[in-house]
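Take a look at the structure below.
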Amino acid sequence: MLAQVIINGLLQGGFYACIGVSFSIVFGIMRIINLAQGTQIILGAYVTYTASQFLSLDPFFTLPLSILVLFFLGYFIQKYVINLVAKGGLVITSLLTFGLNLILINIALLVWKADFRGTNPWYMGMSFEVAGVTIPYVRLIIFFMAVLFTVILELFFRKTEIGNSIRATALNPKAAQLIGIDIGKTYSLTFAVSSAVGGAMGTLFILAKPVSPFTGGDFLVILFSVAILGGLGSIEGALLAGIILGLVESSSVMLLGVEYQKIALNLIYILILIFLPKGLMGKRFYG
Amino acid sequence: MAKMSRKGWFLAGGGVCLFLLLAPVLLRGYWVRLLTNMFMFGILAESVNIIAGYCGYLALGNMVFFGMGAYTAGVLMAKFAFSFFPALIIAGLGASLFTVCIGFPILRLKGQYFLMATMGLLELLREITTNISLTGGGQGITLPIFPGRAAAANHFFYYFMFGLMILSMVCTFAISKSHLGYAFRAIKFDEDAASVMGINPTPYKTIAWAISAFFTSLTGAGYAYWMSYIDPGEAYQIMPSIKMYLMMVLGGGGTVLGPILGAFFVEFISELVWGNFLELHFLILGLILVIVVVFTPKGLMDLFQK
Amino acid sequence: MVILEGKRVTKHFGGLTAVNEVDFEIQRGEIFGLIGPNGSGKTTLLNLINGIFPVTKGEILFLGSRLNGLKPHRITRLGMGRAFQVVRAFEGMTVKENVLVGSLFGAKNRKDIRTGMKEVEGVLDFVRLGAKKDYRISEITIADRKRLELARALAMTPELLLLDEVMAGLNPREVEDMMEMVLEVNRKGITVLLIEHVMKAVMGISQRIMVLHHGKKIALGSPKEIAENEEVIKSYLGDKFVRREAERRDLS
């Protein structure tokens, strides 16, 4: 029983970690709370839904498509909208991202209507057993892909030139400008990456569960929690945070019952803010 | 723009007030209800103005007090047979007390974190309310119906919201001219410098939030009684929270009249859109948000003053 | 009479020791200068005196009472006023309102707004900003901003005035004006602790000067004594300079 709870938590945690990282990137680098991130994830899910139907593909293989679509969507949004007010302060950027969120939700409503849409991959519901623990194939796939993307992001930010220039911009925008980095482009790229990863996670999400235009809102507290608990700029921290949250969720289901699951997560979130605002790793920034 | 003399503005304001006082008699029920909604948002926007516009703390989840007020009234009136006004007072004071208790750990947090904390509070309260039997769980609570005919009820709630709105405006005005106003603004502009200049930020921030919570809670209580019903989804919504901020930003944070004007404008548009373009409701609201934020971040009042 | 006293004041920031066992005594009514190269701990020491950071070790006494652990707003009310180095004016308020905040909250007594406003006008006239009292902060010059900082600190009717590089960024004429204003303030009986890089100013008006280097006190004395102190010269200009000067003197 305990082992099952742990495994469940772990598997879910990987997903949480990755979506948390996608949110955390924008928060850490541009100090913007992207209230539309949840809906962007869901849009990735919708791309998968439509593409897998049109192209008669297994939804998993639509990953490149959702990544691409969300990448360009994110780039477009940042370049032509958010960049106009990126330095405007908290109220402005928060209201803006919320406004974008509403627009995206409405678009989803118009195109896909309010009903839940799901994919039904052939491996859905199938699982295998190891030492008395049931592991659904879908969950395992999601976990691996989420961790993979998280690692790719880490490598991107640490090892590539672009990644490093983004981190430099985050640490000191003025200095970055002086050495020739185009801040606007950097921000657009960052947001695009965040969006793309979110889209990928959306694809994975819809393998397991159906989505509606409003499902994005459910992610907010998780996004915030992972970003804060993980500490700004620490991807290892985000992984750890995601897993902790996954474990909290699965253990609260076991200890308190499903109804209290959300309460537990919310309470933990508030407690994190009060007691660990610098996160587990305590690092200040991407660097 | 201020070509009219002060006297002119006073007369205009007085005229508007007179009209509004007589409106329930002059206008049809639909308009009365619309105006009541506009007043309601006026209070909410003004409340948010106190903690965010003046004091600089963006409590994006301020609707949590609306919900608390609504449920306090609901539980007291439905389960304990309180009458409205006592329930109202308790709702208001309860919310303020809550901010005093929770204020210490939460108001310590900086900008983004405070914002995210208040959003978390909103979610938390909603989840708790959904799961406790005292509050009726997901089914919500049905409140005793206002005694009297429908028209009388409409009038009652019209004047209730109007009165509360005027009260909140008077309160904000008093704050702006007093020590509190200067302290709040100093905290907003530079909290550390403010403390070096002799302002202890913690009690001031808490007072600001407590006042904001008070009015928001009273509004929630009134709303619950008006609708005779409240459930967690309606009480603890994020949408009105964002709307309040939009109204404040549009009208001008840190002014007395700004949020009220913003509220009237946005709610009026909202109503138009809801009535005619229901499918595009979110889209239009979202577009308004984006446009306002990009083009008039300082709000209408700022345009007036130039 | 001693107005401000520091005993073995020490501040650690993690592994970094910003202020290291500094002892000092400031007499009532004097102008006390505090100098040292960048990073020597001057501003940190000021922040400790002001209550922005707590001391790691040692104590600070103001008018005989210990300041340890008191918050800045408390310390200000005891009779200290501070002007910041990087002008931290309240950007959204007018000049007058900025000074009013100091007057209403930083002085020992509570007062109503009308009284406060009158005092504010007096202070603004003293620093010669009276004409610009209704201007927004964005509309005034750097020199004006420095005078605004001074005005805000004065409005708190301090017995001890902490001035953190008020001369920075001013041209020679403006420096002279500011020096004159500080002297005037001092003539009214207000003790002044002056952190400065502009040597002409701090040497010109201080009665005594303390020099910090790497957080340690390396010299304390009259301006003349400080100017000739080898340790001080070394800290500012480096070892090589002192040696070369010594060699040159030997050769001549």
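Labels for the chains are A, B and C, by order of writing; each one numbers its residues from 1.
Here, contacts are C-beta pairs under 8 Å (C-beta built on N, C-alpha and C of every residue); 3 or more make two chains touch, one makes a residue touch a chain.
Being a predicted model, the structure only gives us computed values, none of them experimental.
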Average the C-alpha coordinates of each chain, average all protein C-alpha coordinates together, and give the chain whose average is closest to the overall one. B
So, comparing C-alpha centroids, which chain is the farthest one from subunit A? C
Contact counts by the stated rule: is the higher one at B-C or A-B? A-B
Distance from subunit C to subunit A - Cα centre to Cα centre, in angstrom: 49
Quick one: subunit B and subunit C, Cα centre-to-centre, how many Å? 44
Taking each chain's centre as the mean of its CA atoms, subunit A sits from subunit B at a distance in Å of 32
Help me check something: in the complex, which residues belonging to subunit B touch subunit A? 52, 58, 60, 105-106, 109, 111-113, 115-117, 119-121, 123-124, 127-128, 130-131, 238, 242, 245-246, 249, 253, 279-283, 285-290, 292-294, 297
Interface residues, subunit C side, partner subunit B - complex: 50, 52, 71-74, 76-77, 82, 84, 88, 90-93, 97, 100-102, 104-107, 113, 152, 156
Which part of subunit B faces subunit C closely enough to touch in the complex? 177-179, 182-183, 185-186, 188-190, 192-200, 254
Would you tell me which residues of subunit A are touching subunit B in their complex? 27, 31, 33, 81, 84-85, 88, 90-92, 94-96, 98-103, 105-107, 109-110, 217, 220-221, 224, 228, 259-260, 262-263, 266-267, 269-270, 273-274, 277
